[in-house]
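Below are two complexes that have subunit A in common, paired first with subunit B and then with subunit C.
For the complex of A and B:
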């Protein structure tokens, strides 16, 4: 009797998750499986002649200089994540104090996150303009004769993109940290203060460990988000100059939708998936050392 | 027991998914057909054609289809605009492949047209025997034959030229050239440069044309099938442009131009820079005095050549706007009727945007008048006539695949930005081109 009831319950459960499972299946799992199949073909969109090519795409990828260049650029791009987390934390701690215009500042810092990416890209392109842009204008006025070319040289472009991305992510990180800081129990802080802890010690020994789960969350989601994104680069440099800002996700996009080379694009996107998986796994294992729940 | 339940659940889920997707697939198809059928029935046998093109409707196409629709109540054409970039072309290709209503579409590059032909999306126009494309459009039409056949109708004369600020040239005592070399152009740029300004700017579209001019004549590959991108004139192009950017400072460094999305038309039309390498679409902006007020006369010169010998030179041009009929369209005959009408003069309103009809039956004078509008006296008409009609230099149509365009531009960008020297650049272009040739045998 009880058993029967359990079974019915379970069946009912499937009915409830069914609709969303169908969505996942149709729009995620089946396409993903399909793309895995594409890895072994030379399928080109618009070209009906697709054949099985075995591991050709994988060998091609392993010999593709542009693939490694994009990989390197992706790593440089990922460097933006920890920086934006650190800055977000600092800003959140400051805004958590009693300061003037707190609400306004909070809103201002969060603005980038809710602004349209294309608009953001355009404004930054104007700011970064090497000759007439305000950033270099400022740098020249304080005596730097040869300010960097920002987006316009192959050596500085990736860092310029990093700056945009840090600025973009920081507001979000700050909001999440602000919420986490509310959770830091005043009793602990007070006890530490009575014991004579200085503000720096409070920050390091009390606040930072207590928000470490938040840091971990931001790190994992930030990495995944960063590795997947390419809109900001597509809108600013399209991967150039040269191929100095082509990150893997953009390289996938170009192969798929510029060259219609779906087989190769699928191969790189699976490589990208494996990379995300490995990075996340490392973070997951590493968290035991520094995340305190 | 428990395991079995899970399995059963999963299997049923898969089945449901299958049924649902099957239903939705079939359903939507049926629906689409239903709608099409209804539309036809409801409007009393009116055929509706959809034409996809990249020109904004207000720049001519709307006027064209309105004129047609007024005279042909039984065949109504609707113009759909796609933006001629990666996303826009993808949108068009997806629409064609998934059988959405696309009856006619304009191809703007030979490599895109070739892709669409390979996929079977384009109707072979030789099945229509009442229009001799070669005769009507002239010998240049043959550039658009794909595997010896026309899968579209090239409708415009495309011209590329260097637009000149006549007033600035006169002030510097320089004649309007009818034939000049790259080195001569470089001297002009030096003489015309004022202070920190530039003497010569280029639209990014024809930027790489000098290379293609050389290679379409000499071959993109050598006799042994290897890349010809190390041709001496390719080097010369790289070197002299580099010199103009770095030593003469007469043309903007490429990195700066690209990342600031330099508005070259505006810079030329405001009188800031006296020479602009561009094509006929400049007319769209130069006729628009509201957004681009201008107080000088524009003269036109052919694109300078890298070749020393004028007899060896080919210049980009020929015909453009290759309009194809969708092979899956139900109304190919109607589409063909429209296309003929369009090519033989229906397209006249497009001239305001610099698109002159290629057909010998079209009224060239009327098109020219509509192209210049009431701004005729702000152009040096003699040189305009020369670059558009009288210049008899043989022409080429760009046929390079996008992949090759990109690998070249990535490498020369590194060179122009100073992060790679000339030899390394040429070597990288050649090796990447060879790799491309190997993985994409013809």
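For the complex of A and C:
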């Protein structure tokens, strides 16, 4: 085995990552650079006279009421993430006990996450139907005379979207928590029990701190994932009624492909990137500070 | 205290908790149950309350409407299958290749390139939609299946997931092969890939479900109805049949039931893959 051969073998690294690298270049890096360039132009589709406009798009964005409204809606959308994490945690802790049908239950709770595309958004649309839908039918039957209009009113629409999103994400959080709970040492639990810890104390003082890295990870990845989505909203409300469900990612889509205002769409998309960057930065810093091992 | 403890941990307690959790689980999957039930009902029965879970007059009429007729879901199905299958095979294979390079070969610039991969995960798809739209228009693949298939061959998540797995394979295994004069290609195909079968299956299933459910890319890059995938076909159906609720639910079933089947078969792999990449990643 000579050095020459070894060197050649090492160089094979480029061959292995090469094909994938080409894809990253063509479909991620170059478009990203292109998009950054578009921020400084007034490029509109079918209007070839795109010109350099400096920081105009950015100024426009900072004065755009709808941008702030979408930002607010995005925050409201993000509120679904911690709720789905809390629910996922509770279900995981219960499923981690000695109960029957564990595998079946796990599969059922997880099903929305894996099977849901937009198809299920259409199902929810009918479930939420304000006048005759089954959800309001149920609410009326238990004595609520004026149930919410869900997706059809500006005050409740984002809330209804959150419910769909919580339903969708919960199972994923549960699965990840179940794996994390496997790592909690049974000896530690036994020792605590012998010392007279009650179940509530076990949960608060031992389990919750031990899974805190998982909680943190779920919070960050869940938020990033949520920020990137707009499918369920485009499918159910198209951002309405009255822009009440227009979140940033959808606002980018609308500007780009409804108004063909592509320079401006690119600008907003980079605002989205900055938000993701901030969340990631918080993750880097926070992991050291807030996570208890 | 003693009694309460026994009740909670003994058989009656286990049974009670199981029943409660099962009831809640059924609430979770109610949208699916309601969808299937509605797709088999007659129009007047859709919004009857209390809900008739088992239709009094079951009919296949709505499913037939979805599957036959001028805009049959058959076309959407074939389109979706084609895109998801090619994407799945290509993405799994290319990810395995790249992951091997990153995990098991020490070459110059490896860490920098890997950081580049990492950073691409943060770029939201919305940043890429507009430039991809313009670029695809230029090269003439806008409004063709290639606009979905080509980018679908590359998944950064897949490279991460498999790299994680390849790192966990002990180095001694490839070292002894190395001493016997086997190069990286032989080690990759003969040793690592066979060992990685479960991980490959995991990635393949997850990737398939993503591509099958992908609505946003199809929305941006396809306009020709004959090219529509299931999510777009569904949307189209709903726009054209705004009051045919039974039909809508039959159409939704057409999109969802295959995923339920894939999930039932590949559940173990999916869960494994997602937890591995999250907990250890």
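Keep this in mind: the second predicted complex is superposed on the first by the 267 of 293 C-alpha atoms of A that agree within 3 Å, B and C clash if a C-alpha of one lies under 4 Å from a C-alpha of the other, contacts with A are read in each partner's own complex, and residues count from 1 in each chain.
In the analysis below, a residue touches a chain if its C-beta (ideal position, glycine included) is under 8 Å from a C-beta of that chain, and two chains touch if they have at least 3 such contacts.
The structure displayed is predicted, hence computed values, not measured ones.
**Q** Applying the document's definition of touch, where does A:35 land relative to subunit B and subunit C: first, second, both, or neither?
**A** So A:35 only meets subunit C here.
**Q** Would you sort A:21 into first (subunit B), second (subunit C), both or neither based on which partner it touches?
**A** both
**Q** In the overlaid three-chain picture, which partner chain does A:146 touch, first (subunit B) or second (subunit C), both, or neither?
**A** Neither partner.
**Q** Between subunit B (first) and subunit C (second), which does A:235 come into contact with in this model arrangement: first, second, both, or neither?
**A** Only subunit C; A:235 stays clear of subunit B.
**Q** Given the touch rule stated above, what does A:129 touch, subunit B (first), subunit C (second), both, or neither?
**A** both
**Q** Looking at A:10, would you say it contacts subunit B, subunit C, both, or neither? Reply first, second, both or neither.
**A** After superposition on chain A, A:10 lies in contact with both partners, subunit B and subunit C.
**Q** Figure out whether A:288 sits in contact with subunit B (first) or subunit C (second), or with both, or with neither.
**A** Neither partner.
**Q** After the superposition on A, what does A:243 contact: first (subunit B), second (subunit C), both or neither?
**A** first
**Q** Looking at subunit A, does subunit C or subunit B touch more of its residues?
**A** C
**Q** Once the two structures are fitted together, what part of subunit A is touched by subunit B and by subunit C alike?
**A** The overlap between the subunit B and subunit C interfaces on subunit A comprises residues 10-11, 14, 21, 26, 45, 126, 129, 257.
**Q** Which subunit A residues qualify as touching subunit B in the complex?
**A** On the subunit A side, the touching residues are 3, 7, 10-11, 14, 18, 21-22, 25-26, 45-48, 60, 125-126, 128-131, 149-155, 157, 236-237, 240-243, 254, 257-260.
**Q** Please name which positions on subunit B make contact with subunit A in the complex.
**A** Counting only subunit B, the residues touching subunit A are 1, 5, 9, 12-14, 16-17, 20-21, 86-87, 90, 93, 97, 115-116, 118-121, 253-256, 258-261, 402-403, 406, 409-411, 413-414, 417-420, 439.
**Q** Which residues of subunit A touch subunit C in their complex?
**A** For subunit A paired with subunit C, touching residues are 1, 9-17, 19-21, 23-24, 26-32, 34-35, 38, 45, 91, 94-95, 97-101, 105-112, 114-120, 122-124, 126-127, 129, 132-134, 137-138, 140-141, 167, 170-172, 175-176, 178-180, 183, 214, 217-218, 221, 224, 227-231, 234-235, 249, 252-253, 256-257, 262, 265-266, 268-270, 272-273, 276-277, 280.
**Q** Could you pull out which subunit C residues touch subunit A in their complex?
**A** Where subunit C meets subunit A, its residues are 9, 14-15, 17-18, 21-22, 24-26, 28-29, 31-32, 34-35, 38, 46-47, 49-51, 94-95, 97-98, 100-102, 105-107, 110, 113, 116-117, 120, 122-135, 150-151, 153-154, 156, 159, 178-179, 181, 183-185, 188, 209, 212-216, 219-220, 230-231, 234-235, 238, 245, 248-249, 251-252, 255-256, 259-260, 262-264, 267, 270-271, 274-275, 278-279.
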